[in-house]
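What follows is a set of structures to go through.
Here come two complexes built around chain A, the first alongside chain B, the second alongside chain C.
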Partner chain A sequence: MRALDIIWRMAAMVLFSLAFLAAWELLVRFGPSRSSFFIGPIDAFAVIGRRFADGSLFGSIGATIARMLGGWLLASVIGILLGAAIGNSRLVDRLLMPTLEALRPLPASAVIPVAILVFGLNESMSVAVIAFGSMWPVLLNTVHGFRNVPAGLREVAAVLEMGRWRAFWTVSLPSAFVDIFPGLRTGLALALILTVVTEMQASLQGVGYDIFMAQRSYRSADLYAALLVIGAIGFTINQVLLIGERRLFPWLAR
Partner chain B sequence: MEGVSLASGGSIAHISDTHRIRSDQSIRPVAVQVRGAAMAFGEGAKRHVVFEDISFEVGTGEIFCIVGASGCGKTTLLRQIAGLQRPTSGSILFEGSPVLRPARERAMVFQDYGRALLPWRTVRANIQLGMATKTMNRSEIDERVDQLLTVTGLAAAAHRYPSELSGGMQQRVQIARCMAQKPRLLLMDEPFGALDAMTRQSLQDELMSLAARESITVIFITHDLEEAIYLGDRVLALGSNPGRILTTLDIGLERPRHQLGTREAAEFLEKRHLLHGLIVGH
Partner chain C sequence: MNSHLISAIVPVSLLSGWELGSAVGAIDETTFSRPSAILRAGAIAAADGSLVTATYQTLEAASLGLFAGTLIGVTLGIFLGLQRLVELASRPTLEMLRAIPAIAFTPLALLIFGFGLTMESTIVAYATCWPVMIATLAATRRIEPRLLEVAATLEMTAIERLWTIIIPAVFGRVVVGLRIAIGFALVVAVTVEILVNPRGLGYALILAQQTFRTDLMYALIVWLAVLGMIAGALSSQLDRLSVPRSS
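Up next is the complex of A and B:
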């Protein structure tokens, strides 16, 4: 039954995407817009095919994914460490939280000029901006996760005479991780957005830069091709994390 | 059990009269002493007393039930014996030493089994959590867990997660984890209150045979008078506002007890009437 369910879900997904692409193509060919910059998916996929063949697309995708993962990993490590400290200690909470609450509303894209001044137009600037912007969901979810470890489970740790360290690893961390993981997922989605933005700003090799160049040179088909590639990257990483979630939390009801 | 009896010095002298009038068993060494325990909030005019002046003793190997209407503080009293809370005055001793914090030798079966198990651990891993595994090798651990799984009827569910089990099965896991602690005292807070009647009865019988086999002292809290009489060697009745001892009743019913026979015995019904009059009649 489970295999059938998967086949049905895949079929529904593929059918709808094909219908969407067909409608797009038809709109371009027979729709009211006479603009020569409005390109259909057939032309866009032709560009993707050509760039696959000449290998240039691999470089872009590789650079974008590496940058995104780098920033996201940095954000996740900092977010989880800070969040765990804040969620477990009132003192750290009172010290750090007001400052963090003031930094949090800053749009990551508004921080880019500052980051460029500090780091220059380079990879470090990009990773720093991605990390800054994608840290918040991880941080806040981690704080929430540690604050909401059920009192009953803390008492179980107490009656079993677990030390602080053992109680942290055996009870608090696994309990909080259920909240942390969705934060990681949201963070990764933000990391992809900021990767594209910083690539456009700093002219760093990647799919974002491809968009920038396509726009500059009026190559609409390249533009749509790059958008499709970014969509595919986002879809794939989300699927990977969803599978990871199912593996990590087998006890949660599906 | 053996180390506790006469070796623990003067403990024999603390045995109160209630122990001596026991009809079916010999005098037991004392396990738990509650001396003038109280729980109160606030100061002065705002002072609210949950219970006060609670004193009793529980003998080793005894099943001691505490009944009372909700609000009499019976859960708080049990948490004080566990060491999760301190009495605001008075003291609690276990085997002669004051109870200051929770300890593995005093296992606690929480009322809310759903929140007392680690949801990310299988039944097997939850039970193993109760064991002091540092001095044991892998095969010793597995053997002990297997044994507990069998005793509690969980063998078939060993690799399932708590969320996949019924309430009765989850409570069995909690009891098995407590047994894995090798406790000398088992504290139970309305453990079967949320279960259906059939499951409750079979767990009552399992508890009694387990306690007898492992010679554990049990303090069992319930609001179900029949359950208290059925399980207990003695039943302590608490009144409320503020909580205080109404009476301590010796249950002379012979063991092993039976769900039908024991509950139909004239003596059972007589105790039930007595307790009912004391607690509900007030």
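Up next is the complex of A and C:
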């Protein structure tokens, strides 16, 4: 029964996706607007197929993913270290939190001009902006996670006379990680957005730059193709992390 | 030591070190203007009205987009919440669309609408409709099925059902989605302005950088942080609004 249920669901999903694509194509072909800026899925997928065949698609996707992961890793390391320090120590909390709270409401893209001044229009600027923007969810979730380590666990660590470091690695960190992981997921979603933004701003190779160039040269089909590719990247990483979350913390599944 | 005093150590020493460092020439003022110069640039921009105009333009696009996005999100959320089968079938399609960062649509919106308010608010609407839709969808699915059965028995029209049952039931949770959307709206509007749209605070910011008005650039950044804080405070107020109804 269960297998049948899944097949039936998959069929419904595939049918809907096909209907969506068909409606989109028909709207573009026979719809009221004859603008050349509206492109149907057939033309868009044709561009993806062509760029897949000549290999140029992989260069763009690779550059975008590498940049995104680089900025996100940097953000995660800084966010977890800072967050662990703040979450474990009242003193560090009082020292740093007000400054961080003042920086946090700043739209991440607003640091782009500063990053351009400091680094120039290059890879470092992009990674710095991505790291700044995607650090906040990791940082805040880490602080929350360390502040909320159950008192019982702390007592166990004390009774077992664990040193500070052992208690940190074997008790606090695993307990806080339940909170940290969703922060990492949100951070990666933000990293993808900022990757696209900085690629457009600094003309760095990648899918975001492909979108920008397609617009500048009025190649609408290329633009739609690049949008679909960005969507596929975002969709895939989110699904992978969701599955990872379910595997790591099966008891949280609702 | 007093906790406020401890909290003041880092910002005060950062700012005074920055000011002093610029005064003795240890910090490059073309990259990091000194705080006093930033303050002066901010005061001048506030006095000559350019800051007010830019702020108005940004907030106009952000709130128009937020409004449209909320309407779309609530409508879609209620519809999908009531139509279980459609919701299930449309999941991959919507997830795929949602995965495209709104900002990535900027070049396309530019081709279709040209520079200006419409293009910017369209992008904001795309970004803000998703959190509202997800919150509304979840809320609609939690409506007590018996309420809808009663509505069917009473032969209520769709509009009556919407006003008397669905909207009151989902209101509290829609507000939670709206809270996230408010944060998105400002960020997305500013980013579109930085990238292409020649209006608002984002454009003023990138223009200040490109014309080497570093002092003005930092003044605008500080102002954006203040606006972000106000938006954050606004959303917490909304949260309070939602508490009594959602329980």
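Note that the second predicted complex is superposed on the first by the 232 of 254 C-alpha atoms of A that agree within 3 Å, B and C clash if a C-alpha of one lies under 4 Å from a C-alpha of the other, contacts with A are read in each partner's own complex, and residues count from 1 in each chain.
Keep in mind that, in the parts below, contacts are C-beta pairs under 8 Å (C-beta built on N, C-alpha and C of every residue); 3 or more make two chains touch, one makes a residue touch a chain.
As the structure is a computational prediction, the values presented were derived from the model and not from experiment.
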First (chain B), second (chain C), both or neither touched by A:186: neither
Greater chain A contact set [chain C / chain B]: C
Which of chain B and chain C A:250 touches, first, second, both or neither: first
First (chain B), second (chain C), both or neither touched by A:201: second
Touched partner set for A:16, first chain B, second chain C, both or neither: second
Partner chain in contact with A:153 - chain B first, chain C second, else both or neither: first
First (chain B), second (chain C), both or neither touched by A:97: second
Contacts of A:88 with chain B and chain C, given as first, second, both or neither: neither
Of all residues in chain C, those that touch chain A in their complex: 3, 6-11, 14, 30-31, 85-86, 88-93, 95-97, 99-101, 103-108, 110-112, 186-187, 190-191, 194-195, 202, 205-206, 208-209, 214, 217-218, 220-221, 224-229, 231-232
In the complex with chain B, residue positions of chain A that touch it: 150, 152-153, 155-156, 158-161, 170-171, 174-175, 249-253
Footprint of chain A on chain B - complex, ascending: 82, 84, 101-104, 106-108, 110, 112, 115-116, 118-120, 129-130, 161-164, 181
Interface residues, chain A side, partner chain C - complex: 9, 12-13, 15-17, 20, 35, 37, 91, 94-99, 102-114, 116-118, 192-193, 196-197, 200-201, 208, 211-212, 214-216, 218, 220, 223-224, 226-227, 230-235, 238
